[in-house]
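Presented sequentially are two complexes of chain A, the first with chain B as partner and the second with chain C.
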Partner chain A sequence: MVKRERLGVILSESRLPELIASLTETYRIFGPSKKDDGESFAAIHKSEELALDYGNTKMSPKGFFFPQTESLMWYDSADKKAKQDKPEVQPTLLFGLRPCDALAISYLDKVFLSNEPQDPYYRQRREATKIVCLACNSPSPTCFCTTVGCGPDSEKGADIMMYKLNDRYLMKALTPGGEEIFTNIDVETEPATSQDIVEKDDLVNKACQMVKRFVDIDEFKEKLNNFQGPWWEKLAQKCLGCGICTYFCPTCHCFDVTDEVVKQSGRRVRTWDSCMYPLFTLHASGHNPRPGIKERMRQRIMHKFNYAVEYYGETFCVGCGRCIIHCPVNIDIRQIIMDIAEER
Partner chain B sequence: MKRAEHEIRSNVGKLLKQKKIDVFIGYEKGTLPLRTSPCFVSSEKEARKLIWNSFCTNNLAVYLPHIMSRVKNKRSTRVGIICKGCDSRSLVELIKEKQLTRDQIYIIGISCSGMVDYKRILSQVNSDEVIGVDETADEITVRSKEGERVFSKEENLCEPCRTCKHAVPTVYDMLIRTAQQPRQATTSDSTVHDFLMKPREERWQILEQELGQCIRCYACRNACPNCYCKECFAEQTKPRWFGVTTDLTDIIFYHTIRIFHQAGRCVDCGACVRACPMNINLRLFTRMLVDEVKERFGYEPGVAPEELQPLATYSAKDKQDFMIEPE
Partner chain C sequence: MKNPYMPIPVRIDNINIENDARDIKTFRLVFLNKEDADAFNFMPGQFAELSILGVGECPIGIASSPTEKGYLLFTVKRTGVVTTKLHHAEIGDIIGVRGPLGNTYPFEKMRNSNVLIVSGGFAFTTLRATVKYILDSANRFNYRDLTVIYGARTPGELLYKSELWAWEKRNDLAMQVTVDKGDKSWSRYEGFVPAVLKKIAPAAKQTIALVCGPPIMIKFTLPVLKELGFSDDSIFLSLEMRMKCGIGKCGRCNIGHKYVCKDGPVFSSAELQKLPQEY
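Moving on to the complex of A and B:
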């Protein structure tokens, strides 16, 4: 058991293998995997498998709770019965998540859990999972978290916050879930001193300076109140209409539900959807309120920076930069924000 | 490169000023190092942002069917576009398929010395540290916080450029020559041959491995100039041809059908591969079609504007050995 300390606890880096070994007794662990240089989250059994100095994984971790393809139920009209698919639930730990991804999960919680009815599939996975966050010491050039209300040390969504100091980790439990993790592990730690906190603050400050704040986001949001803004046409011109930005986004959460029926029986399956697709909101009549790329791109930007603010009080962009990195025509959401903000 | 860039800017500026074209599609500086971005230019002033370098990889022909379907006055609208060899071959096919007419477009062709694969270079440096990029005739210099590193262009070319035999556009109104020689590939692509030499189980395994990574973002389709269908089979619901999931059967179905639709049309520009965020080697499959069509019909898509597409015509000389008796 790790005792609770006011300033957090210090774990020597050399004890990381012990920490992971101890955690694996209670939890399944997923973390940035060394196998592909921290490009993806994979099951971790030993600390050597972890690539904790990673930038950001390629795909976001949203698929842990909200998989791209998910069977909801199976049915057979012969016996008039439907069988619900229950997600396999085990105590799970997402270890070494970046603060932006943790914040994104807290947003998804609002979507799937804050209103009745809650989403039972999401809930079961989410409730079984705890998040250990690792603050960023060296953000990537595509990171813009500080512009959208996140940051290299953002704590929201995390159960435990970890900071990498020189040769040790500073760890702090932020939630009852985090405290529970501490009670479940057996590894030697020391109480953090105020000197450690100074060192941490210094690293966080440095990281914040590395993330460029490039625009007054409020001015941009204000402009979005003009739904018919003249800028959409031009911004959407080069967009190819693929789904990369939405599928890589840690907060995009639109889904479709389809019945796959073969003769008498079938399954109901939920899959990711994307506002960039022609089938998104296509009415049965054939009418589509978002007939072209302009309307679809507007939907994507408005949902993140306008509708979500109205519904949940949050901007549904955490500044992870995945959409910037992977867009095949180099559409940069930072540029979109600047262009709209500066439009007179 | 710089001279070509200057020529592009001044010519596009002139064309727009003289109202010979209404809009020009070219490349502008990207927001990330080693990237460029397609751009639409409609004034002489805007033409100054056009650039030309070894990272102008996007096949811009992809925008034309969409633009043409939207313009109100089809007769009087004229779109300018910059074309590498592969892009011009795409245009030739689009014209053959009556998605455009030749007089609707003004083509600035550029003799291409091969495009550089930015992903390949980024995989060799710490991509987070890159500050800037310089380029000479044969080399790319990447400046980063760790210092400078020089890469040979030849070793880091995009895959299709290695075996490209038509680097000079096959159709153009004006041709700009860069300082470098247009690339003339001497080797032919052995990808398909190597693949076919493998035992069946291994081939299936490769197919599973490659396509198994697909996330169905449809970037391959949307980046492809040939994929201009107003309604793609992947999105038809009455009937729905295949499932919506990321199960392997659905993914394989999607790619197989999309790629088959490219028979006799694929110009091997590699736009699908470059757009794929999962780095799936789609060319393994499209190459097969290209080779097959060439072997059976002696046809290379996009090369000869007057030649009819093999699947849109019939010749008594067509090989018929593919018709086999059921066993």
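Moving on to the complex of A and C:
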């Protein structure tokens, strides 16, 4: 058991294998994996498999709670009765998540859990999972978290916050869930000193300086109140409508529900969907309220920076930069924000 | 916890072909389990997802009133994949219902007011439920004058015909039926709904207007209502959108920051004016 300390605890880097070994006794662990150069989260059995110096994973971890495809129910033609599918859950730890991804999960919690009725599939996975966050010491060039209310040491969504100091980790339990993790592990730690905190603050400040703040986000949001703004036409010209931004986005949560039938049995499946596709809003009558790329791009930007603010009180962008990295025609959401903010 | 994605099993108890074109049918559905029936509490204006395993779901307004006990009515036009499959269904078939979903017409606001209903085509369904609800002897005294203006393209395209003719004979509502073009035996109004509304000119004072119909009807009805003196917060409209989850999560039916499935489908004209014109 790790004792609770006011400033957190210090774990020597050499004890990381012990920490992971201890955690695996209680939890299934997923973390950025060396197998894939830290590009993806994979099951972790020992600390050597972890790639904790990664920038950011390619896919966001949203699929742990909201899989790209999941069966909601199944049925066979004999009795025509729908039987509920239940996700298999066991105590799980997401280890070494970046603060932006943890923040994004706190937004997904709002979508799936804050309004009645709650989503039972999401809830079962979420309740079984705890999040150990690792602050960023060296953000990527595409990161813009500080512009959108996140940051290299953002704590929201994390149960435990970890900071990599020179040869050791500073760890802080932030929630009862985090304290529960501490009680479940058996590894030697020391209380953090004020000198450790100074070192941590210094690293965070350096990281913050590396993330360029490029625009006044409030000015941009103010402009979005003009739904008919003249900028959409021009911004949409470049977009192919491929929707890859929505698949990589850690806060995008739109989904489709379809029926799949094979021979005598079938299942009702939920899959990720994208507002960038024309079928997303096409009525059976043929009418489409968002008929073109302009309308659909507007929806994506407005949903994140305007509608979600109204609906959930949060901006549904955490500045992870995945949409910038993966857009095939180099659309940069930072540029969109700038263009709109600076439009006179 | 209750799973909002699981359809409640119902049996198709009756099927009524509503129109000459035979592409609109009213399905009477009966719950297989009594506890499901008891738990299904709704008010007119709400909708449900009709669910056919192996095919999919579609959102349809509930055409019956909660005062009609023991069954639900859904009037469905054959349009897409699910509605076509439904039109091929037979009495006795088991399907699913997911709901009730969405908000209701503003019954609290309508209390002690006159109610004006303006509707066209096959959008009359949840307003039929509203008429039925208000006319119920347990509710009628809560509302003042009830005026219903309902139109269709031709006499053969009117929904619930026998009910319409019965309502015409009653003295506790003013039932006005119009068609775009009548036939030889047609003796009622002829002309578009907005024109008939203008001719009848119901008083706007202490009146709540409920409007549901095709976009073109709504476009020309709203100015007439404004002319008659209706304010934007006394006009209520019911909207439709492509939907999947019906519970405000899947993200497609929004108009601005409102989800039609959860925050609607009923919106006041005042609310809609604050939202983007994207529907």
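Some notes on this structure:
In this text, the second predicted complex is superposed on the first by the 337 of 344 C-alpha atoms of A that agree within 3 Å, B and C clash if a C-alpha of one lies under 4 Å from a C-alpha of the other, contacts with A are read in each partner's own complex, and residues count from 1 in each chain.
Going forward, a contact is a pair of C-beta atoms (placed from the backbone, for glycine too) under 8 Å apart; a residue touches a chain by one contact, two chains touch by 3 or more.
Predicted model, so just to flag it, every value in this text is computed and none were measured.
Legend: residue contacts after superposition of the two complexes on their common chain; A:C242 is shown touching chain B, with no touch to chain C. Of the two partner chains, chain C is the only one that A:F280 touches; chain B does not reach it. With both structures placed on the common chain, the touch criterion links A:D256 to chain B and to chain C. In the superposition on chain A, A:I324 contacts chain B only, with no contact to chain C. Once the two complexes are laid over each other on the shared chain, residue contacts for A:R268 go to chain C alone; chain B is not touched. Across the superposed pair, chain B and chain C both touch chain A at residues 256, 258. Those residues of chain A that touch chain B in the shared complex are 55, 58-59, 68-69, 138, 140-142, 234, 237-238, 240-244, 247-248, 256, 258, 260, 269, 271, 274, 277-279, 324-326, 328-332, 334-335. Within the complex, the chain A residues that touch chain C are 72-73, 75, 77, 80-82, 84, 111-112, 115, 117-120, 123, 227, 253-259, 261, 266, 268, 273, 275, 280-285, 287, 289-290, 295, 299, 302-303, 306-308, 310-311.
Of all residues in chain B, only 30-32, 35-40, 58, 62-63, 128, 130, 215-219, 221-223, 231-232, 235, 237, 243-247, 274-275, 277 touch chain A in the complex they form. For chain C in complex with chain A, the touching residues are 1-7, 9, 53-58, 79-80, 83, 94, 96, 215, 240-242, 244-245, 247-257, 262, 276-279.
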